[in-house]
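Which chain is which? They are A, B, C, D, E, F, G and H, in the order written, and residues in each are numbered from 1.
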Amino acid sequence: MTHPAAANFNGQKPTIDANDTAMLLIDHQSGLFQIVKDMDVPQLRANAIALARAATLLNIPVITTASVPQGPNGPLIPEIAEAAPHAQYVARKGEINAWDNPEFRAAVEATGKKTLVIAGTLTSVCLAFPSISAVYAGYKVFAVVDASGNHSKLATDLTIARLAQAGAVPIDIMATLSELQGSWNRADAEQWAKVYTQAMPHYQLLIESYIKAQQVATEHELLDSQR
Amino acid sequence: MTHPAAANFNGQKPTIDANDTAMLLIDHQSGLFQIVKDMDVPQLRANAIALARAATLLNIPVITTASVPQGPNGPLIPEIAEAAPHAQYVARKGEINAWDNPEFRAAVEATGKKTLVIAGTLTSVCLAFPSISAVYAGYKVFAVVDASGNHSKLATDLTIARLAQAGAVPIDIMATLSELQGSWNRADAEQWAKVYTQAMPHYQLLIESYIKAQQVATEHELLDSQR
Amino acid sequence: MTHPAAANFNGQKPTIDANDTAMLLIDHQSGLFQIVKDMDVPQLRANAIALARAATLLNIPVITTASVPQGPNGPLIPEIAEAAPHAQYVARKGEINAWDNPEFRAAVEATGKKTLVIAGTLTSVCLAFPSISAVYAGYKVFAVVDASGNHSKLATDLTIARLAQAGAVPIDIMATLSELQGSWNRADAEQWAKVYTQAMPHYQLLIESYIKAQQVATEHELLDSQR
Amino acid sequence: MTHPAAANFNGQKPTIDANDTAMLLIDHQSGLFQIVKDMDVPQLRANAIALARAATLLNIPVITTASVPQGPNGPLIPEIAEAAPHAQYVARKGEINAWDNPEFRAAVEATGKKTLVIAGTLTSVCLAFPSISAVYAGYKVFAVVDASGNHSKLATDLTIARLAQAGAVPIDIMATLSELQGSWNRADAEQWAKVYTQAMPHYQLLIESYIKAQQVATEHELLDSQR
Amino acid sequence: MTHPAAANFNGQKPTIDANDTAMLLIDHQSGLFQIVKDMDVPQLRANAIALARAATLLNIPVITTASVPQGPNGPLIPEIAEAAPHAQYVARKGEINAWDNPEFRAAVEATGKKTLVIAGTLTSVCLAFPSISAVYAGYKVFAVVDASGNHSKLATDLTIARLAQAGAVPIDIMATLSELQGSWNRADAEQWAKVYTQAMPHYQLLIESYIKAQQVATEHELLDSQR
Amino acid sequence: MTHPAAANFNGQKPTIDANDTAMLLIDHQSGLFQIVKDMDVPQLRANAIALARAATLLNIPVITTASVPQGPNGPLIPEIAEAAPHAQYVARKGEINAWDNPEFRAAVEATGKKTLVIAGTLTSVCLAFPSISAVYAGYKVFAVVDASGNHSKLATDLTIARLAQAGAVPIDIMATLSELQGSWNRADAEQWAKVYTQAMPHYQLLIESYIKAQQVATEHELLDSQR
Amino acid sequence: MTHPAAANFNGQKPTIDANDTAMLLIDHQSGLFQIVKDMDVPQLRANAIALARAATLLNIPVITTASVPQGPNGPLIPEIAEAAPHAQYVARKGEINAWDNPEFRAAVEATGKKTLVIAGTLTSVCLAFPSISAVYAGYKVFAVVDASGNHSKLATDLTIARLAQAGAVPIDIMATLSELQGSWNRADAEQWAKVYTQAMPHYQLLIESYIKAQQVATEHELLDSQR
Amino acid sequence: MTHPAAANFNGQKPTIDANDTAMLLIDHQSGLFQIVKDMDVPQLRANAIALARAATLLNIPVITTASVPQGPNGPLIPEIAEAAPHAQYVARKGEINAWDNPEFRAAVEATGKKTLVIAGTLTSVCLAFPSISAVYAGYKVFAVVDASGNHSKLATDLTIARLAQAGAVPIDIMATLSELQGSWNRADAEQWAKVYTQAMPHYQLLIESYIKAQQVATEHELLDSQR
């Protein structure tokens, strides 16, 4: 019998194949975001949206769900549905682990994909529980920890260890986006650049400075200090 | 021969089954708490109590013990016995690893459970030693690191790596509570909400704001700024 | 003309006289607490309550107020009114600076006190604005920054500098409580100890260990390790 | 002779009077933003834009300028001109201190205002130099340090001390916005709420949760966990 | 009337004159040290002892006192009396501010010195209260904040601002020791070096490496890697 | 073929057996300590000495060595030889990995022990290289990371992952001391308490307060505040 | 079938053999460096250069490549080519994973080496993707994380876990340099010392102090304080 | 009598006039740098050198000195003399405060300048003592705290407060360089840019990216991803 840590990519290359991927975005709710303390909440919000945009660019199926959004956990942030209009929303009946909800599992199976990119708030609960369940059910799971959000950094450290031990691949937003994109040599390259500026404000600065520098060179603009 | 890291859940789903679980709360003593530097001590205290409350809600057996409470380590914090009145206290005879004490091991075996949720101060000693021993004795072990408390963050980083290597599951308080609870669709849901506010003060704020917002809507209360 | 920084204690000893003091607790609301990032929110909550308790012990007049509690800012935390049942609540009409509200100013004047201990969430707004206004109106102002809560540490650094520049005394919770208490040689000393354990969890641990150590000595209890 | 620290509000109330205010937004450039290390750059960007929006709501004159935007410092971020379309841009001729540029000084004087709200990247240079110069020239200066951005936190600590010593008021974004707004009892209150969500993402979460909670109450929506 | 911030060195050079100095070491107690969170407790302990040693080297009078050492605050750390055997201990009667105790004030006055070097745990209480009182009584006060210890870094930031505002000089251990020593050109230079290694472990490393490097040069020792 | 991560305790309990243990203390040199940035150097120094003391209490063989102590790396800190007078020093000939030195390997083998407790500065080099080599040579290796010291925290994070991957047990000082000690029910218990106060200054405070509290109870000492 | 984590050193010693090593330095570009937030950029730059220097000293083949250096990512830093003039540059065609580029793979294979030392900016993308691909292709991979640079510390934590899980060895700069060097007993020892001062500024200080101390001893220089 | 805090710029503009300035660079020694813990040592070293370079560009007199460089404090870093070959070195006779040395004071007076830019290691001693003395002697003093280096961040916080209280201007490296430079509209602008890249590595990245972007535009270079 093999090691469980190897379960979901044993003998396969442990990387994301965009053609075999479905994306699960779980419990990104306004109330739960108030509890997040392991990363900047605006960065978390931007990262979750960036995942949705990448899925849209690649026609990757997206399933969303929420934990009792009528209560203190609050509503799903609206930008996810805006960025992935094709996303399917599955209402649960109170199950904390989305995988425990039969409609949710059925929706995942209906995609026909065997690789899952998952993000969920809180990381140690809403991301970790379905990730571990999905590995156990035979899926290749990539758990996007910095598009999830947790109640403490220590809890995130613990969750990374638990996910790795259970055979899910812990991954960050940039690796996820880049493995999905694959190459800059593609027709929609500019749209990918916009996805990155969404998740990396310093990349936006680079592009702004780059465009200006080229414009100064092309238009032979004089430096103010040399006027 | 299989990998020891797989020992306690090899072939089984690496999650907590509340029906097969006993809880061990080890050495949560006032003196030892002064040494804790890897997390806020009030948060640690709240998390340990939350574990005890969850055990009471689910009728999970609880065993407590202390390391020479007559000396500088100080007394057990009283809230644990208050939150879990059914807990059994086992006095040791100086053994640092509680598992080395025959009465303690016997008490665990007497529960008939094969899954152990363990917390203990200091994390690298009072949590880690019995966890590793219990894995070796064939138990499924969930080590609740942020209900334990350690002398440095580096020591906790080391302990997480050691626990994972030894086949115990490192886990945080929210994942532990949520796996035990399973679903919000249950009769005692409100009592679980109180457990969470115990361990997550920001969740308490959410509930307070939520109730007030609904009350304003229901009672058509005017905004002060519109009077 | 003298320096404004000297305005509120020029020629007087810059310390708190409990007999000349009124306490203003401003905008400690559940929603605003979600925005606080310069200190632990549970600690902030405990510190605000400790101020109210101290005022009750000393019969210091307390005035509370809230910023549009019917809106997203949320309700006042209930513990303040519980800890200071004699507190007077003044509803405002949308003024951000409580001092701009005539009823609020009148309530302060009605106390007849010339020394004000003020705390308010957010520090840079709800504490700072009335503090600066009150100094300008001739009061001695002690601004309790760690019973207030702010949106960033940098904002708090800025506010400390601004308060000092404007002639308010920036102060922390322990200095405030201790200057009010004055001496341990008083009938209600034990009640003061409880106030401190409220605001300093490590002090609670000290007391728990202290009582146990004395009990072991008095009752000649044997160490577990020597049984 | 009076103390220089008192120069710009000696005998006056050290607060912002929106009717007497001009706003100077200096050198918020894409290249310079890469150097900022004392605060999150997205937060800085949001704060600078929030200042521009507030100025537009109140018809406060805005003057912008840039330090050699044709060179590595890069272009001004475009959102400032978008948020304050009435802003006047003054090109400099290489002067590091904007106040050294005669056209810039003339533009400030032309507003007829004696209170200046200033922000500039880098804090210790582009904010501090004009602030100190303007105090010396007799203006009341409010230096918005967290809408500026600096190369290190230590440099910001030093600049706060220097600004206070020179008689400028060090202030944060929330205090600046709130002193300008004054009261929630105004026709454009909702637009102010949007300005705050721009600069405080956690405030946006509060509003999202608040609206949902009221909607659930009003529409008698059932909780998912009770279906 | 002059600015109170200038009270204790107005017209005098704001530096320590060892010949005019008495040292007050207040409430360095084992229990209170458990509450210290603004600096490493071993460093605090070392710094307090270093002050006592310096006083002994220079025959500076030392007065020590404790806050109810029979209670949870615990005993004075013994090293201070060991390092300054000439220190005079004054028991208080419960006064939190040592300056409120008549015997303590009398002991200070009996030294005939007008410059006071003060350290006390907690910084915001046991250091700040006597410092402010002594400035008000006309003494030059140097408040050694990093030989004191406080319950939070924010509280220390507040205390530094309050001390400066009240006219006490906030100072660190190295500045205090070095101003007392004055010059390395003195007979007891080696003893001073030992004081510094006490308070600066990296200085001890420097000396160890220095001695070894000189020994290798003098004794023509071969490098192990060249054997 | 088994997993290499399991190499050194496959089928055995992954804990330290004091009777089968030798201790290797490598390159704790004054110069190298200046480079340490992942932990407090005084704490590192104390932890290394505590290991040596524990070895002496248990008659565990100790082998020390240094990396070119005649050069900038500097001399071994003297306290290790003082705390473990029975330690054997092995000079190397420039090998960075002590295990590459035949005399060093021979000295280890001569102890007849199969469990090694190792600490070395820098962690990622002087601890990690011999640890990985010893695992490969069939030893059970416990790598005491917080008695070692490294050039950055990131480097230590990397080394913990590498050590675990290679089959060494990453461990902290408290776990190491406690596993060696085993029980407080032993004749030399008091000497062990002294070892802990060496490595944990807060434990020393606990003991000081404990003794005083018992003394007050036994001798019926009056509180100062009740005199 | 063996565990993938063991793939690249199963049965072999998991250390670097300089004679079997090629070095891949990927995407160290001026624009990408602006995005790096998990470590100091100057330290990152120094570490990357140190790798190149070490490769030159040992005649290790070096392959460099860049990700669209004509765009906002910017040019390769020039010092790498200066430090390793023998490095081969391979231009890609937009592939994000350098291993996806056939010329790059061919260049690696042409070296005939089976051990790869890899560094790349961003760590979670440009280092991690080729590392995982190379492990899957049968290489022994050492991933030098602190010569790479990532967009957040959390992303680096995730990448370390992913790399270890995939069978690459996560390693730091000092371990990499030291395993390559092996011993100080070699002709080019002094050149290695220079490489270390490049990457460890505190080592440079040690050498400067060491030389001066020996010079003082040799030349019998008098101390200034004894003149 | 005026407030001492106003002493050195009372009635004057509190800015640096390059024509009236001398620069004092005190005790930047290899040994003392090992003790620095309030900032990165490489950054400190770069900042001190940048000051020297700026002085050379402007023909500002520079005086250097060292504290017993024959002892453990170590030699002056050589780059200062390299960057300012015109600097005058004054040997002291053991005085800790350089201002206490008559030759040093004479050298300062001989420059005929009344504005002093000072940096010194340690900040709280070697920078603060001469700064306070020079203010007292009537000089305008600018104390460059981040070109100095201190034993702890808390000590630096204390020193900033003390310097401001004593009437010295606390300032950072960028403000100092920029006030000295004044304008980019000058013949040596490119040399100033090099000084900034010395002290701000991210500025160097900006320039590298800027040049490449312009080159791509000018030479119509194709993007790799579009080949």
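The rule is simple: contacts are C-beta pairs under 8 Å (C-beta built on N, C-alpha and C of every residue); 3 or more make two chains touch, one makes a residue touch a chain.
Just so we're on the same page, UniProt names per chain: A, B, C, D, E, F, G, H = Isochorismatase family protein.
On a predicted model such as this, the values are computed, not experimentally measured, just so you know.
Note on connectivity: the fewest steps through touching chains from subunit B to subunit E is 2. More contacting C-beta pairs link the chains of A-B than the other of the two pairs C-F and A-B. Equivalent interface to A-D within the set C-F, E-F or E-H: E-F (over half of contact pairs identical by residue number).
Taking the mean of C-alpha positions as each chain's centre, the chain lying farthest from the centre of subunit B is H.
Averaged Cα coordinates give subunit A a centre that lies 43 Å from the centre of subunit C. We define each chain's centre as the mean of its Cα atoms; on that basis subunit B and subunit C are separated by 33 Å. Work out the mean CA point of subunit D and of subunit E, and you get 42 Å between them. Within subunit G, residues 3, 5, 31, 34, 67-68, 71-72, 74, 93-94, 157, 161, 164, 183-185, 189, 202, 205-206, 209-210, 213, 216, 223, 225-226 each touch two or more of the remaining chains.
Every pair of chains that touch is listed here: A-B, A-D, A-G, A-H, B-C, B-D, B-F, C-D, C-E, C-F, D-H, E-F, E-G, E-H, F-G, G-H. For subunit A in complex with subunit B, the touching residues are 1, 3-5, 31, 34-35, 67-68, 71-74, 93-97, 100, 122, 124-125, 128-129, 132-133, 136, 150-152, 154-155, 157-159, 161-162, 164-166.
On the subunit H side of its complex with subunit D, the touching residues are 2-3, 5-6, 9-11, 13-15, 38-39, 145-146, 156-157, 160-161, 163-164, 169-175, 178-179, 181-186, 189, 200, 202-203, 205-207, 209-210. Those residues of subunit G that touch subunit H in the shared complex are 30-31, 33-34, 40-43, 45, 66-72, 74-75, 77, 91-94, 201-202, 205-206, 208-209, 212-213, 216, 221-227.
Those residues of subunit D that touch subunit B in the shared complex are 183-185, 189, 206, 209-210, 213-218, 223, 225-226.
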